[in-house]
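Chain IDs A, B and C follow the sequence of writing; residue 1 opens each chain.
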Amino acid sequence: MSVSCADLASRIGATVVGDDTVELTHVAPLDRANRHSLSFVNHPRYLRLLAQSQAGAVLIKPEWAPQSPLNNIVCDDPYLCYARAAAILHPRLSTQSGVHPSAVIGDDTVLGDGISIGQLVSIDDNSRLGDRVEIGSGSRIGREVEIGEGTILGANVVIEHGCSIGKQCLVQPGAVIGSDGFGYANDGGQWVHIRQLGQVRIGNNVEIGANTTIDRGAMDDTVIGDGVILDNQIQVAHNVVIGEGTAIAGCVGIAGSAKIGRRCTIGGAATILGHLEITDDVHIKAMSLVVSSISNPGSYASSTPLDESKTWRKNFARMRQLDKLAKRLAALERKFK
Amino acid sequence: MSVSCADLASRIGATVVGDDTVELTHVAPLDRANRHSLSFVNHPRYLRLLAQSQAGAVLIKPEWAPQSPLNNIVCDDPYLCYARAAAILHPRLSTQSGVHPSAVIGDDTVLGDGISIGQLVSIDDNSRLGDRVEIGSGSRIGREVEIGEGTILGANVVIEHGCSIGKQCLVQPGAVIGSDGFGYANDGGQWVHIRQLGQVRIGNNVEIGANTTIDRGAMDDTVIGDGVILDNQIQVAHNVVIGEGTAIAGCVGIAGSAKIGRRCTIGGAATILGHLEITDDVHIKAMSLVVSSISNPGSYASSTPLDESKTWRKNFARMRQLDKLAKRLAALERKFK
Amino acid sequence: MSVSCADLASRIGATVVGDDTVELTHVAPLDRANRHSLSFVNHPRYLRLLAQSQAGAVLIKPEWAPQSPLNNIVCDDPYLCYARAAAILHPRLSTQSGVHPSAVIGDDTVLGDGISIGQLVSIDDNSRLGDRVEIGSGSRIGREVEIGEGTILGANVVIEHGCSIGKQCLVQPGAVIGSDGFGYANDGGQWVHIRQLGQVRIGNNVEIGANTTIDRGAMDDTVIGDGVILDNQIQVAHNVVIGEGTAIAGCVGIAGSAKIGRRCTIGGAATILGHLEITDDVHIKAMSLVVSSISNPGSYASSTPLDESKTWRKNFARMRQLDKLAKRLAALERKFK
């Protein structure tokens, strides 16, 4: 793939200030760039690297461009333009064109145009895959699954029966969508499985990380809104609803029927308990535990400070006495008055 | 599937108070029910929905039935009766009858009657699968594995060699049973792998969540008792023993040789350290860390409160001073005396 | 497999004090041993078991040997010698010799001598597998992957395109190596995927647990040093670097671009935030959160104490008042002066 600066700039919403005929073939960091590399500067601290760089062009903010001796492609958000340019210069390759002969396709399955089905994939009956869908090797698609056009599944992904995924989604390897929710009645000490009859409905432009799991709903559906991004090893329990544009980092667990708003961010390894509601524009820091609803936008945390184990042990012991310490303080205050 | 109220009630241990000839075909929530739907009321707060519902019948407690204008199926535990009724009205479908031609079955493997082996499954030599066992597509069964009758494995499950699963178990997609335990000796800074020679032994009526991992024992076995239910993404290390009827929520980690009693509940994302023992009927709250044995039944927790980040930062800083604060308080008390 | 005490001792660096002709066929704990069993004593508390044991030989420290009535194999580190002996007496069996006919091998793939490729494996074009590599059933190897000699992959492992694994590594089932990193630009509220163009490079003698995920780098690579051991369900984000000989327990999450030193140990369920650096020989306790760089070797922790829920609730409430309590204490101190 070779693209001229002029062509690239017009496609990513930027402007060339310099030689717009330079051909670019790939992206590279400033210090490893050659004359066909596109680099970017996202922070003033990297401007010092420009003088030594061999990059064919650099994505840069207009206010920084005067300091750059390189061929500049000017834009307000170099990181965003980098994202767009990298997608053009490095298009995702699909190994497979059409259906690999080792794949097993069920009856009455509809496959769109330009589809790619990898080695040893299985697709059950009555599923529908849109145009240009790609299914990685070893993935398992249950019956009556719908996958929207342009959606890409990595290797060994599982989509259980009846679930639907929108358009232009990207699912990383090992993700499981539509496993049974963890719902049980108790019969005199014995757990009785409750049939999980809802589905998982995933919007458009959703990204789902490796080995992330999303359970199907009990009666109603588990719903992932448009533009949600989920990192690796996230657990989404049954009947969770995640609002549009929310971003969730790795190892987060979300318990059943929690409803998370739009444009939220959830830090890594946070845990959200069930049957609560988090409003839009809430930001939860890493390793926090959310035990009740949050109705005001803002930033929240519950983690504790790291310390050397020797110091930590002393403070740790005091945490168990905290209520008593507070009462002793109050008693002293009363005496003093 | 269509079942009369009379038939259904007799099979779930309930009593029809109304028209027992109504035919029911499915379960639905009260607000989406039609004349062939079975609904249930599990809490008085939902009684107000009864007046508007079109449900063919409703599972309800005897004391609430007088307030219901619907066809009532009366029982002491509507949620438990719902679990039983949903299993009758919505039997789990197995896509595959018999062994799919794409499956690879090893030598001297014994397959019971009424078995279902999905697409692209592999089963190694000398394994034994009981009657009516179902293996989801892409699952991997090692050599000399035993699977009891009626047990169902989802897609892409892995059961390593020598492990055994009892009867009527349900394993969700992506679970791994019998991976090597994390055991190493140290040879002057180099980790030396210790062969993990035990197995995983799983009882009857056990349920295991998606992408949950259960390591095989080092010398002795890892043991999961009858009726244990494990949610998604749980990590069970080597030589752990989990007692009968214990329920563990998602993202919990249990370190090596921990022994957990019967009828315990472990909240989501809790961590249990190794070589400790938790007695029966212990309940651990979400995101707690258990570092030593628990010998008294009851409820335990170690999590910290969520707060707005601004407030949290102030308290967070104080946690590092806690021991000093306690000492200052003690000093003040001494002076005051 | 039968090995004489003399032969075994010479291979593991130990000395027989007793009958060196005894034939050993397996390892067993002292209380279940027979005359062909090898046992070991790793702690003085187990010396009392020696009198009743039927073991054919016991690995024991020289200073404890006089108390042993058994056939002794003397060595300074019985646990390390046990690790070596168990590997000799119980060599790992590979079910498959050569390439199973159901495997799908891409074009221009190089397979070394003595290789074992299990059922329904797929390997994409231009990958290279060294001598004696074993690939478990259902594993997926992308294009242009390199796997060093003697490395063993369990079932349903995924290695994405371009990644490399060194020699003598062991990867447990369900692990995913080379999934896309979680990198996005934001375009007016919409997340824009950033192509992840780096790879994962894994050294020699690395072990990776079940369902662990390691993301590929954004531009540069994610790097796992020689001799690193990773337990199950660990999440390693893009551009993380883990130094040689570091050991990480289950359920740990490591965010993007974190750099972890050599010979560190990270306890279970700890979370390491991104863009920070942890020096060599740092030990992080279970469930700790690391939010900034650590430049001094030593032991660190941030967890909170478990307590009965009744007591915990009182202390929990006080944590939210901690800053106010500290200020009240300071006020009282001032008044008292």
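One rule holds in what follows: a residue touches a chain if its C-beta (ideal position, glycine included) is under 8 Å from a C-beta of that chain, and two chains touch if they have at least 3 such contacts.
What you see is a predicted model; the values in this text were computed from it and never measured.
Both copies, subunit A and subunit B, contribute mostly unmatched positions to the interface they share, with under half of the numbers common to the two. Taking only C-alpha atoms, you rotate subunit A by 120 degrees to land it on subunit C; that is to the nearest 5. The distance from the centre of subunit A to the centre of subunit B, with each centre set as the mean of the Cα atoms, comes to 26 Å. Work out the mean CA point of subunit A and of subunit C, and you get 26 Å between them.
Of all residues in subunit A, those that touch two or more other chains are 120, 138, 156, 174, 211, 233, 251, 269, 303-305, 307, 317, 319, 321-322, 325, 329, 332, 336. Contact residues on subunit B toward subunit A in their complex (touch as defined above): 27-29, 77, 79-80, 82-84, 86-87, 90, 92-93, 95, 100, 102, 118-120, 136-138, 154-156, 170, 172-174, 205, 207, 209-211, 227, 229, 231-233, 245, 247, 249-251, 263, 268-269, 286-287, 303-310, 312-313, 316-317, 319-323, 325-326, 329, 332-333, 336. Across the complex, subunit B meets subunit C through its residues 104, 106, 120, 122, 124-125, 138, 140, 142-143, 156, 158, 160-161, 174, 176, 179-180, 182, 184-187, 189-195, 197, 211, 213, 215, 219-220, 233, 235, 237, 251, 253, 255, 269, 271, 273, 283, 285, 288-292, 298-305, 307, 311, 314-315, 317-319, 321-322, 325, 328-329, 332, 335-336.
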